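A, B, C and D label the chains in the order they appear, each numbered from 1.
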Amino acid sequence: MSQVTANPNVTTAAEPKVKSASPWVLAFRQVRQSKLAIFGIVMLLLMFLICFFGPFFSPYTIDTLNIRNGNKAPSAAHWLGTDNLGRDILLRVMLAGRISLLVGFVAMMVSVSIGSLLGAIAGFYRGWVDTIIMRIIDIMMSIPSLPLLIILGSILSDWKIPPSERIYIVMFMLGILSWPGLARLVRGQILSLREQEFMQAAESLGLRDSKKIFRHLLPNTIPIIIVNATLAVGGAILMESVLSYLGLGVVPPTPSWGNMISAANNLIDFQKRPWLWIPPGVCVFITVMSFNFVGDALRDAFDPKSKSKR
Amino acid sequence: MKQFLIRRILQMIPTLIGVSIILFSVFSMVPGNFIDSNQTISAERAAELKHIHGLDKPATERYFIWASNALKGDFGYSFQHKVDVTTVIDRYIWNSVLIAAFSMIFTWIIAIFIGVFSAVKKYSLYDGIITFIVFGLMSLPSFFLGLLAIKFIAVDMGWAPVGGMYTTGSSATGFAKVFDLLEHMILPVTVLTALGVGGLTRYFRTSMLDIINQDYIRTARAKGVKESTVIFKHALRNALIPAITLLGFELPALFSGAMITEKIFNWPGIGRVYLDALNYRDYFLLMGYLMFLSFLTVLGNLLADTLYGLVDPRVRLK
Amino acid sequence: MTQPLIEVKDLKKYFPITGGVFQRTVGHVKAVDGVSFSLNKGEALGLVGESGCGKSTTGRTVLRLLEKSGGSVHFKGTDLHSLNKKDLRAMRPKIQLVFQDPYSSLNPRIKVGEAIGEALVDHGIVSRSEVRDRVKEILSICGLAPYHIDRYPHEFSGGQRQRIGIARSLILKPEFMVLDEPVSALDVSIQAQIINLLTDLQEQNDLTYLFISHDLSVVEHLCNRVGVMYLGSMVEMASRDELFSNPLHPYTKALLSAVPVPDPTKKPERIVLQGDIPSPANPPSGCKFHTRCPFAKDICKQQIPEYKDAGSNHYVACHFAGEF
Amino acid sequence: MSNNLIEFRNLRTNFYTGSGVVKAVNDVSFSIREGETLCVVGESGCGKSVTAMSLMRLVATPGKIVGGEILYKGEDLLKLKEREMRYLRGNEIAMIFQDPMSSLNPVLTIGHQIAEPLRIHKKLSKQEAKKKSIELIELVGIPRAAKIYDSYPHELSGGMRQRIMIAIALSCDPKLLIADEPTTALDVTIQAQILDLMRDIKKEFNTAIMMITHDLGVVAEMADHVVVMYAGKVIEEAPVHELFNNPKHPYTQGLLKAKPVISNRQDRLYTIPGQVPNPVELGENCYFNDRCEHCMEICVQKQPDLNIYDNKHKAACWLYEKEGK
């Protein structure tokens, strides 16, 4: 019983209605299924809305000082009470939120761009380029980041950098010190991808280097970059809050969650007026936790092995 | 194994040199130094002092002086403590090691149990709660957790002393002194453990989840082995081996001293000394401490890889 | 006698083993240790052997996906291993490779249509606007539906993905195709579909195959000439009928007798080789097969047998070929 | 006629996946006689491994046994308490798996892994267990047994590891040995050694073997009785000679014709068109209808039963329905 046509088994049925889902859509659907990730995304949206649009609704402005009204506990007028200069804490937390989130994102952008670029170069063009980059990464990762940041912070204070410019330097400092971690991950991913058969296929098909990098290697490295970028924002916010708490990151009068918590250094404020330093601390906690939830859910969604668990 | 060690030690040298260059260049950017910021001494005395300690020479020259001394074990003189840097480090580091060691032990015990159980009871309510708490602990800024602990546990409840190593002015000796020390350690150790346990629990949960799906676990069950033995012998032993490498990375954390926690709890560890040294611009102490830490980090990496080779039968380091 | 399409002479591929403090090369894994064969247009040469025998490495070194350690590979007279990067890239469409694992040989993040058509555009053979029709055409030739063009790899079964892999190579109108265990990862019913597809494509496009497999029955069906490899060397090569009916090398005999036959009436009287396949890092001295050969003599241990023609193009490398 | 060691009665095992419920084992019934080798043959996804895992009650989530009985010496295994079932595993019913490379614990010595069932089930002391383990290593044909006892799995080749798996399974001389594709991952010359070893064991210990495979050559060589599965159901069952000489179900016929066989070469291979149906959308019809040449009206509407025909030959196909009892 020989087969007549060259392709006896093509399903001639009309195109089935099912819409083909790209791996990105599949990953997004899986993220939507994780309760913690939804909680994280909702909290982040709330935090963004409150910090970036809240101040417009607040009856107070940044510089309305009202000493008589100082150090009031949370009340109808001031939901989170007032500080020693009579400024509304809720407004300051919102404005501080803008700074902290901004620092987190810009630091992430800096570390992601440097990290993935150098990681990709080291991974793709091996040989001495790879060795040099890896040597730099080894050196930078041997220096403990917090103590170094603290020294850099104190240098900024000594150079008397005005607070407004100081924020941007802090952002770059955080970014500069955190790119090696991501670079090493990106390099590892590219090295493992090169062993995959579809990369050998690209070689066998005779594709140009640019095609190999931008159509094959990078799209398969982006998931790792997205996951670590999300976690990096959380990490940067956390690091900024520590620095600012020590008075070495964002310094007053620019408000940031970190330097608001340093209000707790004053013994009386610490014991009697917790509304001064607890709200910013809770904001840092919720924001960073939400980033961790989303990052972790993304990692599971993109990790091919985990697909089998579902 | 010997060749592996030689190769790794040879690799350590350029890394440490690179680290020292970076650190020294950062330090040369620091405008002020101890002598200038100290108004009590006259200008000539200041110049003379600077000359003795070679602070007036150009940066590159100073680096080589410092580096050659460092190789001989002399990390320079601490202005603030008026004693050699190495002695300062030696005096305070053991306080840091004390709380770091305790918290490391607790962290590992808690992380193993919680991590393993949340992996075994995957996607259950228990696992959900644990994941939530673990992420919470990983997202808390260390100082904020410390402040909350002092506020609610020490001040409001009064269960533990607010800070310091001993009750000020107490002349207790022997067991009473030890008991007083332990009491003072409660909060710092709890905070350090809480900060450390998150990451490790997640590590054990992920690696156990991966191992439980392996074929040899299915073989163990097919042999009629009790489920508890399957988990705690067959699975956990495979999870512990890579965990050994994490022990290597704990080395720097053990000695680095938790700066923030020590500052908040007023614990006289090396971390706190580091922060104070910063205010005084105690140059050589800062430099010496950072070099010491970087050396520990590199040593930690080497220790981690060597331990892995010793423990994992598959990786006989030829 | 027209010039053969492919001529491989004494091909060698060694992988360095590093050791010592400075990772110096202390030895070599001789994955391919002096293999020679030639292929005429339209032929299908089978390369069979067990794991570690070097058949896949041979296939990839012939296509210069791996740099050679010795010998030469000529495709239509040009020495592939002496071409510069640009010329080699230009040569690629004519010499194609089909992979074993349907799951890892397709980039999961790009649509199947692009995976098949991208090389066509990249080599400038076809403009971007025409490529879509050419891809649809090749899809149906390979037994897939035109609407599959916008689907992603994870939406296909193993068999369908293997068809995509074949379409990806076929669209470049190659002359020579290396098939590296193309059906080993598939179920029997799907295997048969792919085998028939490969036979049809060879006839329609006058293709030349180097078919690599560990499954002798599939090789017997598809190839007109067969080479048997053991631990990096060719031990026997002959026409299909000659090799399957009159094997001369003891290893080929053992290999043929070891294949279970789907007929319960046939009592399996077979030569069961003792011991395991030695590690290619330190192969046995003399004839590499002497550690497992039931007829090994002293000479086998010392002297490497010569690979010679035992009559009517039936090459064999054994001191006592055919005497037992 | 030896009585039945194992009896599957309407076994149902489902997998609750994200994309719907998969009836991996859908109303499966057959039995294994003492000292007999039964081969369960079928392609990937037909449920043969899940049937074996259901027998061992080792079906991992999201799988769950939802119906039917598995009788072992007349007792239903599904009703046993976990402790009682655990007593049987590795003792009276043993199992070996497909991939020897990952079936042994990489960080425990070979000796330790062989001795484990001996110490649990036979309560042997450490010394007795060591002696018995070394004997077992020699029994499965591995030289220098004492040295192997102390070595680790990664130091052995695939063939040797599979022999160790067999040694572990035989340690408490089980009544039934389940082998899930034991030689699929091995080279053909090593596969021949393992199949020979299993045949010797069956002769020497009269152990019943449930061999799961997709290779019809292995079936012809090892089996006394054969069960053919497709998409979770048993579609044909017969003694091995009857099945090869007179296959009834079109799928079995297709499988036999599709496989190229050495020294009787066909011009063109017979192919079964299409592919295995999506397990989630299986309806009330014969699952093979869309790939079957003899597909009739009724095949698309109603599911055929597994009826018995001449000399113990069962088949589930409407072509034979009229004659069936």
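By our rule, a residue touches a chain if its C-beta (ideal position, glycine included) is under 8 Å from a C-beta of that chain, and two chains touch if they have at least 3 such contacts.
In this text, all values refer to a predicted model and were calculated from it rather than measured experimentally.
Steps from subunit B to subunit D, minimised over paths through touching chains, total 1.
More C-beta pairs touch across one of B-C and C-D than the other; that pair is C-D.
Ranked by how close its mean Cα position lies to the mean of all protein Cα atoms, the top chain is A. If you average the CA atoms of subunit A and of subunit D, the two centres end up 51 Å from each other. Mean C-alpha positions place subunit B and subunit C at a centre distance of 55 Å. Centre-to-centre, using mean CA coordinates, subunit C is 32 Å away from subunit D.
If each chain is reduced to the centroid of its CA atoms, subunit A and subunit B end up 24 Å from each other.
The set of subunit D residues touching two or more other chains comprises 268, 270-271, 273. For subunit C, the set of residues that touch two or more other chains comprises 193, 196.
Across the assembly, subunit B contributes no residue that touches 2 or more other chains. Remark: subunit C residues 19-23 touch subunit B in the complex.
By the touch criterion stated above, subunit A contacts subunit B in their complex at residues 35-36, 135-136, 138-144, 146-148, 150-152, 154-155, 158-159, 234, 238, 241-242, 245-246, 258, 261, 264, 270-271, 274, 277-278, 281, 284-285, 288-289, 291-293, 296, 305, 309.
Interface of subunit B with subunit A (complex): residues 14-16, 18-19, 22-23, 26-27, 29-32, 128, 131-132, 135-136, 138-144, 147-148, 150-151, 155, 210, 213, 252, 256, 259-260, 274-275, 278, 286, 289-290, 293-294, 297-298, 301. If you check the complex, the residues on subunit B that touch subunit C are 3, 6-7, 10, 318.
Of all the residues in subunit B, the ones that touch subunit D in their complex are 214-216, 218-226, 234, 237-238, 241, 312-314.
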